[in-house]
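Chain naming follows the written order as A, B, C and D, and within any one chain the residues start at number 1.
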Amino acid sequence: MIRAVVRKGVGVYGHEFVGFCDGWRGPLEGETVPLDIQAVRGILPRGGTILGSSRTNPLKIEGGVEKIKGNLAEAGVDALIAIGGEDTLGVAKQLFDQGVKVVGVPKTIDNDLNATDYTFGFDTAVNIAVEAIDRLHTTAESHHRALICEVMGRHAGWIALHAGMAGGANVILIPEKPFDIDRVCAYVESRFQTRYAPIIVVAEGAHPIEGQMTLQAGELDAFGHVRLGGIGEMLAKEIEKRTGKEARTTVLGHIQRGGTPTAFDRVLATRFGLQAIDAVHDGEFGVMVALRGTDIVRAGLGEATKELKTVPVGRYEEAEVFFG
Amino acid sequence: MIRAVVRKGVGVYGHEFVGFCDGWRGPLEGETVPLDIQAVRGILPRGGTILGSSRTNPLKIEGGVEKIKGNLAEAGVDALIAIGGEDTLGVAKQLFDQGVKVVGVPKTIDNDLNATDYTFGFDTAVNIAVEAIDRLHTTAESHHRALICEVMGRHAGWIALHAGMAGGANVILIPEKPFDIDRVCAYVESRFQTRYAPIIVVAEGAHPIEGQMTLQAGELDAFGHVRLGGIGEMLAKEIEKRTGKEARTTVLGHIQRGGTPTAFDRVLATRFGLQAIDAVHDGEFGVMVALRGTDIVRAGLGEATKELKTVPVGRYEEAEVFFG
Amino acid sequence: MIRAVVRKGVGVYGHEFVGFCDGWRGPLEGETVPLDIQAVRGILPRGGTILGSSRTNPLKIEGGVEKIKGNLAEAGVDALIAIGGEDTLGVAKQLFDQGVKVVGVPKTIDNDLNATDYTFGFDTAVNIAVEAIDRLHTTAESHHRALICEVMGRHAGWIALHAGMAGGANVILIPEKPFDIDRVCAYVESRFQTRYAPIIVVAEGAHPIEGQMTLQAGELDAFGHVRLGGIGEMLAKEIEKRTGKEARTTVLGHIQRGGTPTAFDRVLATRFGLQAIDAVHDGEFGVMVALRGTDIVRAGLGEATKELKTVPVGRYEEAEVFFG
Amino acid sequence: MIRAVVRKGVGVYGHEFVGFCDGWRGPLEGETVPLDIQAVRGILPRGGTILGSSRTNPLKIEGGVEKIKGNLAEAGVDALIAIGGEDTLGVAKQLFDQGVKVVGVPKTIDNDLNATDYTFGFDTAVNIAVEAIDRLHTTAESHHRALICEVMGRHAGWIALHAGMAGGANVILIPEKPFDIDRVCAYVESRFQTRYAPIIVVAEGAHPIEGQMTLQAGELDAFGHVRLGGIGEMLAKEIEKRTGKEARTTVLGHIQRGGTPTAFDRVLATRFGLQAIDAVHDGEFGVMVALRGTDIVRAGLGEATKELKTVPVGRYEEAEVFFG
């Protein structure tokens, strides 16, 4: 993405670039790094971001927006390209409303942004999860254990849905639909009737119907997140207690964020970058670049961030055909 | 795909299935295999097809269509789901016009079918090619050779375009646009000015502007195909002759067709399968299931097959920003 | 392995084979499956075992050995090839001592068998773990969190040692050497001084110097195992408490057992299989096939199973050069 | 490797390092790059070499050795660590004989160096080839074509042998044993009797029994190499002519040299590096670090380079069990 912006911005439009480090911390503190053709060489096959990230939210800091405007002016920045998910682009929207020239780029493995078919990072995360599930199938064929794979997704079950469908999971549990532990155990027991063991894909934010599980959900940690290992581990214990079968959990955690991006994500990111710099060149701000079918278009930042894009009922029902 | 059709067809609609072997050879000769839930177990992570394929074209065989109609009736088949690319679905269209109840599913690594955003098999092929290009970069950093990667694509450059863009190729050559060998050599020589060697991605069907290359194109072989190794090998020799630099060619060939499908392709194939059996259930024939954005829809077989979907000029120009 | 035994046994020596299912449960209960050339077709790229596994230990079952001898005789079995780790081959040794013609094959991802350079399954498990660690590096470059990767190894730290060394971990913790949590936290804090976050690879059986950690170790579960997620999760909490930095854990669990085996493991397994059937043909029993350098040899089952092969001090010190 | 040398050399022994660029060209021309801890950060998961390579042979250049000695002295170099295959280490041996303090490290994908069980780079190359062969199996199951995979190995068939054995090839052809085209075609035809198509792995240096093939071998190119595509392509044409079946060739070429190294190669390279700097520290020169079983030892450069390590007859016969 950054590579495409810089390559076209420098090569075609003659722009200059600086990179702000660590998400909104960079613009807030005015910390920049040089971003020229040389700086973006070789980054295509690398995941993550060469600029770092943080959870800093300038809207929660007194005078945050003014500081950013000041730092942008001081660095001689005409326009800002903001790359990230709901939080990042929500801030971008606020900055635009207060006069900053912003173009947004949807990047999050959670795929939970509206106004775009996909965000980049999602396809890579799904493939990593599918690879893990494929490997669990080997064990499922020879060992007699329920295998649980906990994937990312606190509020939206996109990774679980796609990875579970692609991986041939016997059950998929997503945050959008509280699950019935009795039904999950029924699937587990019916699967054990065949010579294969069940594989359950669970989003970290999935949860049972209220009051149904006797074990307590992982409490929030000091950083406001459900502890990794929470629901997958809980589910394993609950299944063991109820069915008498062994259950084992794999927690993918941060490996879903990293590694070499897929071709889909690289093409998407590259085309997003080209469109973002075109938007800047055209002077069209307050927009997010977005995928619609095979086209890269521009959507309003407001439309993109007004609510989370969660898994629709129909898509989940589609997957349920394969449960059990 | 087949798994999804059978799982939903048997589990939800109560249908029964037989598989016809080896493309159109199966229906022509009435050769079937049983297709029940058991037969489709474990095929999700496998590429290719459990039913085999062939180049048999019933339209070129006297009485071919009648034979197929007879064999379908004899096997008690109410509706036919045809899976394949332009050739397969072209035949499906003809059969539909002659009264056979057909639903088509777009499967080809070439991605050259109209009416759908993507065909399945394409994403996997592109990822395999990108992986190869990534590996060439290692050599490009340490050896001083032009590296050529020949990918599939006789008439459409989709694989070359996506793989080249995702892989950071220095030049991409596609069948849709005859290339200028002088310009290719200029890119090669300018790239050698940096400490990296150039990587060229070339579709097997790419060709130079007429009369420009002194070496002859690979003649058609006994099966009517350009010999693998043709254009990549020719290009290597031409570049060596013109620039004095060593050039080496990798010919991916059939490895692009195989192996474990990507998550994207598996989800796409699964959803295509669900839509195909729904179309059958709805009694809607003469259609091809298709991807539009994130939706699976039905398109007319005629629309899908009337002409090849080639790479539009705009998409190629997008990629040219990164040439050199 | 099984494929090589059957291919050479049938093709060269004219033997016939049956497979006993689910580890020692099969011979105990006399449950067999046919094992001919057809049964072993296509299994090379698949991990796991086509015969299943279990934890059944015939030595702990009254009259277990006699039952096995009876079932072998009844099935017309002249010789038994036992495939597995310490437990399986320990039983094989006992059976041999009681007159059963046994040849052992060392298969365990833990690599903890004496008398062989490597067991098969180990190289694949290490590569899977390294792939995960590589992906964590992406996050470590952009997020500011300590990343913990828990790998298998209850008694021996081979996977952690090799994966940690190959993955460039900042600290590796193995069961053979109780760790000093103060030193671990010191590495974590010094690493945060650079722009990269620390990556810690921990074997599931690693543990702190006695009394040092305030959190309790995961209690044994109903099946006698430390709960997955135990030490990795504990370590994360302890690091957060002591350093004030966020820590995140990935628990690889059973994905290390599965998937497509590496070339090293496939060649090793194939050559083990050839040597095993040769030993049977030569009438040499009570041996385990073993790798020594590039040769496949035969070692006494007693030598192989008398004690666990753990990581020697020297190998761990080698790795410590890269800590911090 | 370089990382391990520098990390231990700087961190433990307090040495300083410079890197010579592009193989022997660097020492000859006195071109160096700085090599400190910072320079080797992040190179572990990358294949290839950060120092570049060339075919420059100082022994063929008048006064070459003297120039190197002069440049080493001028750069203040006390000892030289030479990394490479037969050519590189042959030069290292000559330099040592003429008084230069040299330690060699065996790095070549060809695995053709004596005195070490394996060279590093080999395991990665084999895995890449196996991945390709696995993918060809998909096509072999559904299409009716002979599939040929040409791998590296001009003088030694190690890659072909290991990749072919691990990939389940139906025939493996290596330079050490001229092949009988009639026998190859017999395997091809017998394989077509099953429902699978044959897969042939051929080393680029393999060749038929003299006079047997009617097509001419690829002539040497301007750089003294058999053209890539040579034997694989020839074989395809010959098989088509003799059997009437279609044959398709994949030429892996330089993709075998690159990409992320396997865990085996990374551990091996790291341990080679540690041993190399230890040898320097111990003042033991004229040696090559080497793998023997699980130990890293030192062998004489003379022993290592006196003749090529080719595939022994016994290893090839082992593989022949699986032919056909």
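As a working rule, contacts are C-beta pairs under 8 Å (C-beta built on N, C-alpha and C of every residue); 3 or more make two chains touch, one makes a residue touch a chain.
Quantities reported herein were computed from a predicted structural model and do not represent experimental measurements.
The chain with its Cα centre farthest from the Cα centre of chain D is A. More contacting C-beta pairs link the chains of B-D than the other of the two pairs C-D and B-D.
Taking the mean of the C-alpha atoms as each chain's centre, chain B and chain C sit 40 Å apart.
Per-chain CA centroids place chain B at a distance of 33 Å from chain D. Centroids of chain C and chain D (each the mean of its C-alpha atoms) stand 29 Å apart.
Among all residues of chain A, those that touch two or more other chains are 134, 137. Contacts between chains close into a ring here, every chain touching precisely two others. Touching pairs of chains, sorted by label, consist of A-B, A-C, B-D, C-D. On the side of chain B, the complex with chain D involves touching residues 46-54, 128, 131-132, 134-139, 141-145, 147, 195, 221-223, 227-229, 233, 236, 240, 246, 248-259.
The residues of chain D lying in touch with chain C in their complex are 4, 7-8, 11-12, 42, 44-45, 117-118, 123, 126-127, 129-130, 134, 137, 162-163, 165-168, 260, 262-264, 266-267, 270-271, 274, 292-294, 318, 321-322.
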